[in-house]
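Each of the next two complexes has chain A plus one more chain, namely chain B in the first and chain C in the second.
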Partner chain A sequence: MSQLQIENLTVEFPSRKGDFIAVQDFSIELQAGEILGVVGESGAGKSTVGNAVIGLLQKPGHMIGGTISLDGERIDDLDEEIMRAIRGKRIGMIFQDPLTSLNPIETIANQLIETIVLHLKLSKADARKKAVDLLDQVGIPDPSVRIDQYPHQFSGGMRQRVVIALALCADPEVIIADEPTTALDVSVQAQILDLMRGLCRERNVGMILITHDMGVIAEVTDRVAVMYRGKLVEIGETAQVLGSPKHDYTKSLISAVPRPDKRINRFPLVTYIEDVGERKEVDIANHWLGQTQDYADFDGPLLKLTDLSMRFITKHSIFPSKRIYLDAVKKVNFDIKSGEVFGIVGESGSGKSTIARMVTGIYKPTGGKIEFAGADLTAMTTAKEINPWRRQMQMVFQDPFSSLNGRMRVEDIIAEPIQFHKQVSTNAECYAIVHDLLDIVGLGKVAARKFPHEFSGGQRQRISIARALATRPRFLVCDEPTSALDVSIQAQVLNLLKDLQEEMGLTMMFISHDLPVIRQMCDRVAVMRNGEICEIAETEDLFNNPKHEYSQHLLSLMPKFFMDKN
Partner chain B sequence: MISFIIKRLLQSMLVMLTVAFISFGLFRFVGDPVSNMAGQDTSIEDRQELRKSLGLDDPVYIQFFNFTINAAQGKFGQSYMLREPVRELMAKRFPATLELALVSSVIAMLLGVPMGVYTAIRRNTLLSKAFMTISLMGVSLPTFLIGILLILLFGVTLRWLPTFGRGDVVQLGWWSTGLLTASGLKAIIMPAITLGIFQMTLIMRLVRAEMMEILRTDYIKFGRARGLSNRSLYFRHALKNTLIPVITITGLQIGSIIAFALITESVFQWPGMGLLFIQAVGNADVPIMAAYLVLIAFIFVVINLIVDVLYVIVDPRLRASSEGD
Partner chain C sequence: MENQEIERGRIADFLHRLNDNDIWWSFWHSPVAVLSAALALFMIFISVFASVIAPFNPFDLASLDLMDSSLPPVWQSGGDPRFLLGTDDQGRDILSTILYGSRISLLVGFVSVIFSLILGVGLGLISGYVGGRTDAIIMRIADVQLSFPAILIALLLDGVARTLLPKDVHSEIAIYVMIFAIAVSGWVQYARTVRSMVMTEKVKEYVQAGQVIGLGQFTIMWRHILPNVIGPVFVIGTLHLALAIIIEATLSFLGVGLPPTTPSLGTLIRIGNEYLFSGEWWITIFPGAALVAIALSVNLFGDWLRDAINPKLL
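On to the complex of A and B.
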């Protein structure tokens, strides 16, 4: 008999604009010890399924049809009191963000013991013993010491282990993991997935793994269910679904995942998903964006970093000997040639974003030199001196939600850099350019009068790109421009960046933690770890024949499902 | 932790020195103390004599130095109008103000925190809505109006409570307390409510907003998914996190209750420092004004220090960054 059975689940969210059906006629069965993946893009309703199972649908959402049964007993119509006894005891849940899943002002011990005492009715001392055991099982070193620490004293990966320990502490029969590794680095992600798979097998626990990441699905799940707009479009053995998908949506979803194994010219567009208008191509020779190639041609590398360093003080003290420093970037050297796309890849904390911030002038480096087209930017002190150079380099940020001012209209957001650098004399001219830019990024003039919140993440990232183009730059820094986006949207945005780069002859510094994306986008790549560059190589050389040990390690962690297929 | 406290203490000293300088400036620039003290018929020689005995002939920095030394010992000279040492006047009045402030803060917290929690948890009940309406009135009605309305109702119409004064007081050393006699307790009710109602509504609204914010966080959601009871979620996990910002505001509010009790004190003729200060302003009684200024600044500084230390105790994340490893 299946452990968990969901039949014809339908969830509705009433709203002013009418009722929204988040999940419709969704049915799956979970066997003991099985890992079932639920995959889909944002808004597909996959988290809603998880919340419905545990009886914690976000209000005003509610089930309007279907049943959920655990070991053959219906649990969706239980009283709140009875349901509470099931939560944590028989169904455990793991959430996405380990940094916010734990109460910051209680020790790990208190949080674990409270839950264990509640469900298993042990004495406090026994509960503590069990808690230490659990922490040991989830791979936390020195559990008897670390149990008395607070969440902020653990790293992200370690916190997720604590979260797993909390979800497992009453020996549940079923675990629901909602994007459990999305907030983690690849190498940590691999460890956590290993751990979760091991625990499921060992304890014969069934797990529903909700994720948007095909790599994760390929790595750990036995079966996979694909969701699209609240409906189940396909379900089957993981290898079969990924290898020979039946449904069109699944096919297009899989084709949008950047391939790690070979470089292709463009991402196949997913026609199934949110449509963006036709974009206008730029003929750089007769276009406004081209007019300003007013800068002198420069033969050498466009950007040259010499011994660039950044040191942050992590603990202040009046005595210099007692200060503690963090060397985020240690004497980094590299050149970027004109027209090149240069990638920087590394895990969080490797210093890749710090380099971007120093190059664009957000941080002032503590050592070394940044030369742009032969001019030493680090030697310039006044804004007047440096602004003409700043105008030539622009940045696209990671988070499309916080990088646009929500109180400004889109056209004003894009016009601001033009006005700041006084590039045109009249307002009419300025806004004409803004509308043209919106066409170029494929949003169209209708977007001009709207506010950022009216757009989806991918559309906002297009606005960011238009804003970056507004100063007619020749150098673009993209700091994880697509890591907050769904794969299909990511494919569109990456295609856009590629087109613009080709049409306008832009030079790009492209920062990402995602190796397949790097492979598709970059000509040369630098691999960074702990503020140092391990290896700089032509992209194809790096992927085919990594020299440095750490590069090899990173490559070994890439999702493998494409390789398996071929 | 220790270096953190030392740093804060040094900053506090700087604040106190600045305040001392300002209140010293009062003496030099607000009228001539000699003509304030001396009558019309005092001779020029006597005035000279008085000037010398007050040290007004010394250079400015010496005067400031002497002033600071004296102020640190609580010596602010004699009140011009009452002809009594300021220190004794203050010592007589201070307990009245402090008792009023503490009683009203306690009322504000005892009512404000539970009301805030209640309105955050049961947002749509009738009682919640009633609390919110009351709180709106509390924020918008001026203190003196509430005071006068209370007097009208409980003092004049119902005759339950006295309308002015502190009632009987008991001396405990130099401290005079009204909290140990029935008439004293009766007398403090209305002024304390008047003074506390604004703080109460402020605390309530703050707790409500913070609590609602915290209840949306992932760790509360995760707690729910572990089957924790509502009681534990609300009062153990959420409330403690809520209190972190509440501590700051409440601390600063106690400071301003003490500093700005003067309206309430005037309305109820409460014999506290505020009343003394108002009278001093009317008579240009500079020593009292200066002493009041320094004392209030001192209270603010002490409360801030306590708040900072409490912060570190409640929030372990701050402990790590202030202690180092």
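On to the complex of A and C.
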């Protein structure tokens, strides 16, 4: 018999603008020892399912239909008192953020022992023995010493192991894991997934693994349920669902995952996901946006960095000898040729964003030279001198929720750079261009008078791109433009960037931590670590034959999603 | 269809947004907010139109008759139907003096709040955005300022004004001294709030986007950062308005505020206080009630506004 059974679950969130059905007629069965993946994009209702099972739906959400049974007994209609005893004892939980799911002012020992004593009614000494044992099982070295430490003394991955130990401590029958590895680095993610799979098999515990990441699904789950807008669209053996998806949504979701193994021209089948107006074909060559004759032709590399360095003061002191510095970028050299897409890849803290911010003038470099089309930008001091060059390079930012001023209308956001650089003489002309730009990025004129909060993340990123294009730049810096987006939206935005790059002949510096995305987008790539460049190579060369040790390491961590299939 | 939507008139557009607005919705669904706003508006209305509504002009000394002095409210024995709430020791109609007095109290409150708001927001914006030494200097001044209570500063300024200016001029400029004193003592709170919010806003990517475009510091501060930090400023402003009115009343009560010839609510309460024990309670109780009505309604409204805008801030 199945351990956990969800039948026709329907969850509603009432609001003043009408009731929102977050989950509709959702049914799954979880067998003992099985890992069942629930995959879907943000807003699909997958976390709501998890919360409904543990009886912790966020207010004002509530179940309006369906049943949830654990070992054949209904648990969705229990009293809060009884439910509290089931939570933690019979159903364990693992949440996304290991930073916030542990209490920072209690030792690990106290947190584990408290839970064990509460649920298993053991003596304190026995509970401690069990806790040490658990920490050992989840792979924490030297558990009898480390158990008396505080959460901040553990790394992110170690903390997530502690959270897993906490979920296991009352020997639950079922575990709900909500994005357990999303906050972790790729290398740590693989270890945690291995651990979870091993524990489930060993203890015959069923697990519902909620994630947006197809790579995680491919890695550990036995079966997978695909959710789309609150509904279950497909469920089946993982290999079968990923290998030959039946539902159109699943197909489109899988096709949107960037392939690490070969470069494709455009992501196919991505239109299913978000209704963006068709991109209107604008004849760019004859449009204002295509008339870039005011740039002098330049034969050499468009951007040339020489010994570029950035040093931040992390601890200030009036005595220079006592200041502590962080060298975010150390003597970096590279050229970007006209018309190419140059990628920079590296883990967080490698200095890639700092380079982008120095090139675009947000930070002032502490050493080295930035030459753009032959002009030394670092030698210029007045705004009057620099502004004509600023206009030629623009930037698309990472976080679509903070990169647009929420108090301005979309058309004013896009018009601002045109007006500031006095590129057209009348307002009417300016707003006509703005409306064309909105068409070009696939939003349409309807978007013009709205405010940014009325748009989804992907749509906001389109607005951000339109703003970057408004100055008629020839060089575009994209700093992780899709890392905050769902995979299908990412595919759409990457398609758009590719289209624009080709149509407008843009030169691009594309920054990402995601190797498959780099492979799809870039002609040449620089691999960065700790502020230094390890390797610069043609993209295909890098992926087929990485020279530097660190490049090889990064490549080995790529999700095996497509590799398994081929 | 598309064009229709764009062509939707600006007014219709505004009304649509208003109807959609969460704060507006929350206002109409909070009885306390509606009632306090109504009371505050009522008090503002009657004091603005005091010269039309009031049966007498209490500032016109010629119209006063000592024969009418210290009459009780009309429903008590000895009351005169001409004086609804009775008269004071000089024969002034209490109702009229309350109306005129509220006008002065509200005027002092509004003007001083606007002054300290402009001063505080401006300094806070510069302090937070520029940072470094500028920030340190402005914030140390604020710290020093905070160690003096508003009343002390007002007393100090009043004392300076008294010694510097001839006596007859003094009562004329008393109101300006008062406004200045309250404004100067109030800016710190705005500056601190705005500064901390600017510091969280200025690292956001929309500000960097402005820098990439090439916008100047002033444009970024004024057009991009200010609109994003101004919400809580209005909350402080509303709460500060009630406080300013009370400070003014306190100072007038202590005798360093507005002179008895142009009495504010505080002056009236002080005058009445002297007669409280001789049974003439109405001279002090009615102005007191008016003061409570203004301060309470404004405070309740400010409280609601704070919750509606952002329960986490302030």
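Note that the second predicted complex is superposed on the first by the 475 of 566 C-alpha atoms of A that agree within 3 Å, B and C clash if a C-alpha of one lies under 4 Å from a C-alpha of the other, contacts with A are read in each partner's own complex, and residues count from 1 in each chain.
Just so we're on the same page, contacts are C-beta pairs under 8 Å (C-beta built on N, C-alpha and C of every residue); 3 or more make two chains touch, one makes a residue touch a chain.
This structure is a prediction, so every number in the text was calculated from the model and none was measured.
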{"item": "First (chain B), second (chain C), both or neither touched by A:Val163", "value": "first"}
{"item": "First (chain B), second (chain C), both or neither touched by A:Ser101", "value": "first"}
{"item": "Touched partner set for A:Arg407, first chain B, second chain C, both or neither", "value": "second"}
{"item": "Partner chain in contact with A:Ile386 - chain B first, chain C second, else both or neither", "value": "second"}
{"item": "Chain B versus chain C as contact partner of A:Lys89, first or second or both or neither", "value": "first"}
{"item": "Which superposed partner A:Gln153 touches (first chain B, second chain C, both, neither)", "value": "first"}
{"item": "Which of chain B and chain C A:Arg467 touches, first, second, both or neither", "value": "second"}
{"item": "Contacts of A:Lys315 with chain B and chain C, given as first, second, both or neither", "value": "first"}
{"item": "List of chain A residues in touch with chain B within their complex", "value": "54, 56, 84-89, 92-93, 95, 97, 100-107, 114-115, 118-119, 150, 152-153, 163, 166-167, 315, 317, 322, 324"}
{"item": "Chain C - residues contacting chain A, complex", "value": "2, 5-6, 13, 25, 204-206, 208-216, 219, 224, 227-228"}
{"item": "Chain C partner contacts - residues on chain A that touch it in the complex", "value": "16, 357, 360-362, 383, 386-387, 390-391, 393-395, 397-399, 402-408, 416-417, 420-421, 444-446, 448-449, 464, 467, 471"}
{"item": "Contact set on chain B toward chain A in their complex", "value": "3, 217-219, 221-229, 232, 236-237, 240-241, 244, 314-317, 320-321, 324"}
